[in-house]
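Pasting the structures in now, so scroll down.
Heads up, the next two complexes both have chain A, just with different partners, chain B and then chain C.
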Partner chain A sequence: MNDTAQIFDQGEYNFAYLDEQTKRMIRRAILKGIAIPGYQVPFASREMPMPYGWGTGGVQVTASILGKDDCLKMIDQGSDDTTNAVSIRGFFEKTAGVRTTYETSEATVIQTRHRIPEKGLREDQVLVFQVPIPEPLRFLEPRETETRKMHALEDYGLMHVKLYEDIAKNGHIATTYAYPVKVNDRYVMDPSPTPKFDNPKIDQMPALQLYGAGREKRIYAIPPYTKVKSLDFDDYPFEVQKFDKPCGLCGAENVYLDEVILDDQGGRMYVCSDSDHCEERRANGHLGPMAADPAATHFAGGASEETVQ
Partner chain B sequence: MNVFQPEAPLLQVHNVTRYYGDRIGCLDVSFDLWPGEVLAIVGESGSGKTTLLNCLSTRLAPTAGAIEYRMRDGAMRNLYQLTEAERRLLMRTDWGFVHQNAADGLRMNVSAGANVGERLMAVGDRHYGNIRSTADDWLGRVEIESDRIDDDPRSFSGGMRQRLQIARNLVTRPRLVFMDEPTGGLDVSVQARLLDLLRRLVADLGLSVVIVTHDLAVARLLSHRIMVMRHGNVIEAGLTDQVLDDPREPYTQLLVSSILQV
Partner chain C sequence: MDTAIDASEHTTALAAGFQDPVHDAQECFRAIMNAMARPGTEQLIREDGLVPPAPLTPTVAAIVLTLLDYDTPVWLDRPLMTSDAVKSFLRFHTGAPIVKEPVEAAFAIVTDPAHLVPLASFNQGSAEYPDRSTTVVLSSQEFGKHAPVTLEGPGIKDRAALSTGPLPPVFWDQVSANSRLFPRGVDLIFSGKGRISALPRSTRILPSEV
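Coming up: the complex of A and B.
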């Protein structure tokens, strides 16, 4: 921490990169978002030193809520050590000098792209999502003026038209990520590109959830312990993906798994998408069926650049 | 279908006027529409038919005048004093709007079944099986085969699209349907089939209809009453047979005499 703090002291950046007026503006948007769960609050999104689509919204939210005592965890597709996570973690180490961690339970602010940690979050934690497209109705109704009106009038029949189409074409609701939810019985919200596997975790979560979309200039929020219901039909209820085998490395069941190709002979294994969860289980002595496999050992031994996600 | 006394009009139009800047869209139009009645508005292009229809269906606010509608609870309400939410609910439950170009009234990128089911889902139906069987039933009523239920309207012919649009509008059992040249752009044999179908549905369901057309044959076949418009004014109104057999105004006489005889 000392040398990063030193960089901060040199006055190259304001704490956490953004100037205080910008943070103030974003905090106001966040407060409004918390007051109206699921409502997309417009905000004056700033240019960030990274391209759109890399989490400029999430970064601005994190920068606005970060304090010097916070401990930051960055997740990219469940993993702490893939490109997006590494670069944004580096960004905040440099500009804010805050402590960072891989461990879910240690972090006070967790910024994530796609996944919610398998381990349950606590009331003193904040989960920040990077959102590419905040508007759940976007692909059904391209006019922004119209979708805003639909939100205002709670006119959400169209959302079910999409689910109807899924069932008619595939026999089941085939939407697997960005699965629409209704927040607090009022606003339909896009939980960003998280797999629908994580939707049940959003419901009644003890931690505060903040969603930032930089390009679309929207912030929305779900306060702790808020009812969040995934949309469905009476005769086709919402259900999450099921995996027929446990994690190859730690043997965990009922977690979200990634498929990893091991060679060009058809060798593959399924491992926890949440890398911290997997490592913690292995440290506690849980072993999966592939844990002794040389290829898997190589993979698990920290050769993170091989992670195919 | 008619739960009201026949002496109570469904729609009352009082001196509706719409200006486009200095130009007149329609001027001082008044009439009553009764439950189960089909009213045709005829006239040449630019005569203000569509402007009037858009005013009636709350798609275009009139410059002056009032339009009252008898809600399902029996109360007369001024359409332009309804809240946006009430107006939307009205438009997708108690009303229908059939566009000339079916693509304007359909969602072209979702299946026929979803097109018909959309209104049901919008009013809160959340049972897939029920929505689908209702959609199937309505496709049958407009003579679309059951095995086309999962096809996009893009793959439908012009006549089928128009029938699908009608099914989509009628699924919530509306009491009033607006139609803007529903047979325009269709060839003659398809027109005839569509008119037959419309006539049957209107009679079966006891619908009130306001239909805009430049085709006097369509007006003759479908409507009970007719209004002839010219330059934004209603110049003649009355029973369809009476107006078409014995036109009073010179312009109406001209219109009637200009029908091609084969």
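Coming up: the complex of A and C.
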């Protein structure tokens, strides 16, 4: 159980893995990112002991801001106990020896893959996003030289054409994740592949948001209390996903739900994607319609056992 | 060459850097990051153990040791530029090349802000790479004793006030012009005794109410 602490004590790595020169370089990029909200700052991304696509950008940002008194929370699609979250949490336990938590309110630094916690974040927290493709215009214009010019000239017509074509084809804007936003009335930014359900939380968030893309070598940021608008049209305003059922385990409404297949007979349930939010609600006595369902028992039981540890 | 002569003449030892380079730099960076993310707020910098050569203050030394290295050309104002001890300190601890033209600098250190050169003479970045602009560190600031300016923009809930000085009379006009350049423009770090405040280019200065 405590091998991670022992490994840290051996002093095999610099604190939080990265060397100090790398941290300084990333820290300077973070400061520029904060000063120019939504602008993608190029940085000399390092090779990390995990493959690209596993959150190397987020890991480098977290490693550069993390201090020994921080408390770290890792989430992967809202959950604290899925593969990516578990492995990166283990990485920082081994290389930085910091305290980690599942509880959103206890954490000072939260690194996330594609969700924003349901619980509102505070001013003293930092949210770090893992970003696969930071350039919102990349699928519309593959050349970096051109997208850079488009950002410089604030030429975002192409993005509106894309959203318009969505409407022409589907009758509504069919983009459901990585939904483009305009930051501080200037830069169009990709909020990483979070469901568009989370877009309203980015706007005027009290916590600082840092975005790191390792393979693409970009860092960008949204300072606290910054205006972030999801792109839309007057007659097709931005809307978030709506769920017609509450969470099967805790009965929460107005949260983002995951579909869980229970058997091969078509049985399924919808549960909170934010596992910490769901467990906290259940601990406070909230019960969903399927909380007593035998098929759901091991699912709910297994999850709550994890928190006890 | 001339630093060696200087050292033998005064036989002064080179001042030490951070006692705990990893954690001291991290703590100082978080203060700078919070200052930049929340313009107008004051953040504390722990400066114990740092005794840099004057006119470099311990707080500015902490910022320098946290952010500068061989990748960051640094520009110094006259009082710093004429001190060999300061230049040796910077060269030894950071390796940052010291440049003569403000426009070449990634960082500018100013200990006599009352005689600050115009902000427009620093690197403003380009439209395509606005991140390549200069970050200007202004030393010897006193917070709360000068006429406050009202701030608005990212990082600020509603409005914030910043009172700092001494600064040249045209300074706030220059800062307004700087923020109109957005996304180009310089970023400012105000450094007092053990505390700092920052103004990124995204912050707008509201005209003072009459």
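Basically, the second predicted complex is superposed on the first by the 294 of 309 C-alpha atoms of A that agree within 3 Å, B and C clash if a C-alpha of one lies under 4 Å from a C-alpha of the other, contacts with A are read in each partner's own complex, and residues count from 1 in each chain.
Quick note on the criterion: a contact is a pair of C-beta atoms (placed from the backbone, for glycine too) under 8 Å apart; a residue touches a chain by one contact, two chains touch by 3 or more.
Values in this document were obtained by computation on a predicted structure and should not be read as measured data.
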First, second, both or neither for A:Tyr187, with chain B first and chain C second: second
Query: With the two structures laid over each other on chain A, which partner does A:Tyr236 touch: chain B (first), chain C (second), both, or neither?
result: first
Query: If you stack the two complexes on chain A, which partner ends up touching A:Pro223: first (chain B), second (chain C), both, or neither?
result: second
Query: Now for A:Lys149: first (chain B), second (chain C), both, or neither, which partner does it touch?
result: both
- request: With the two complexes superposed on chain A, say which partner A:Pro289 touches: chain B (first), chain C (second), both, or neither.
  value: neither
Message: Looking at A:Gly67 after the superposition, I want to know if it touches chain B, chain C, both of them or none. Which is it: first, second, both, neither?
response: second
Field: Greater chain A contact set [chain C / chain B]
entry: C
Statement: chain A contact set shared between chain B and chain C covers 149, 153
Statement: In the complex, chain A touches chain B at residues 149, 153, 155, 157-158, 160-162, 164-165, 167-169, 232-236
Field: Residues of chain A defined as touching chain C within the complex
entry: 14-15, 20-21, 23-25, 27-37, 39, 41-42, 64-68, 123, 148-149, 151-153, 184, 186-187, 204, 206, 208, 221-227
Statement: Seen from chain C, its contact residues with chain A in the complex are 21-23, 25-27, 29-30, 32-34, 36-38, 66-69, 71-72, 106, 126-131, 135, 153-157, 182-183, 187, 200-202
Query: For the complex, which residues does chain B have touching chain A?
result: 84-85, 88, 92, 107, 110-111, 113-114, 117-119, 121-123, 126-129, 131-132, 149-150
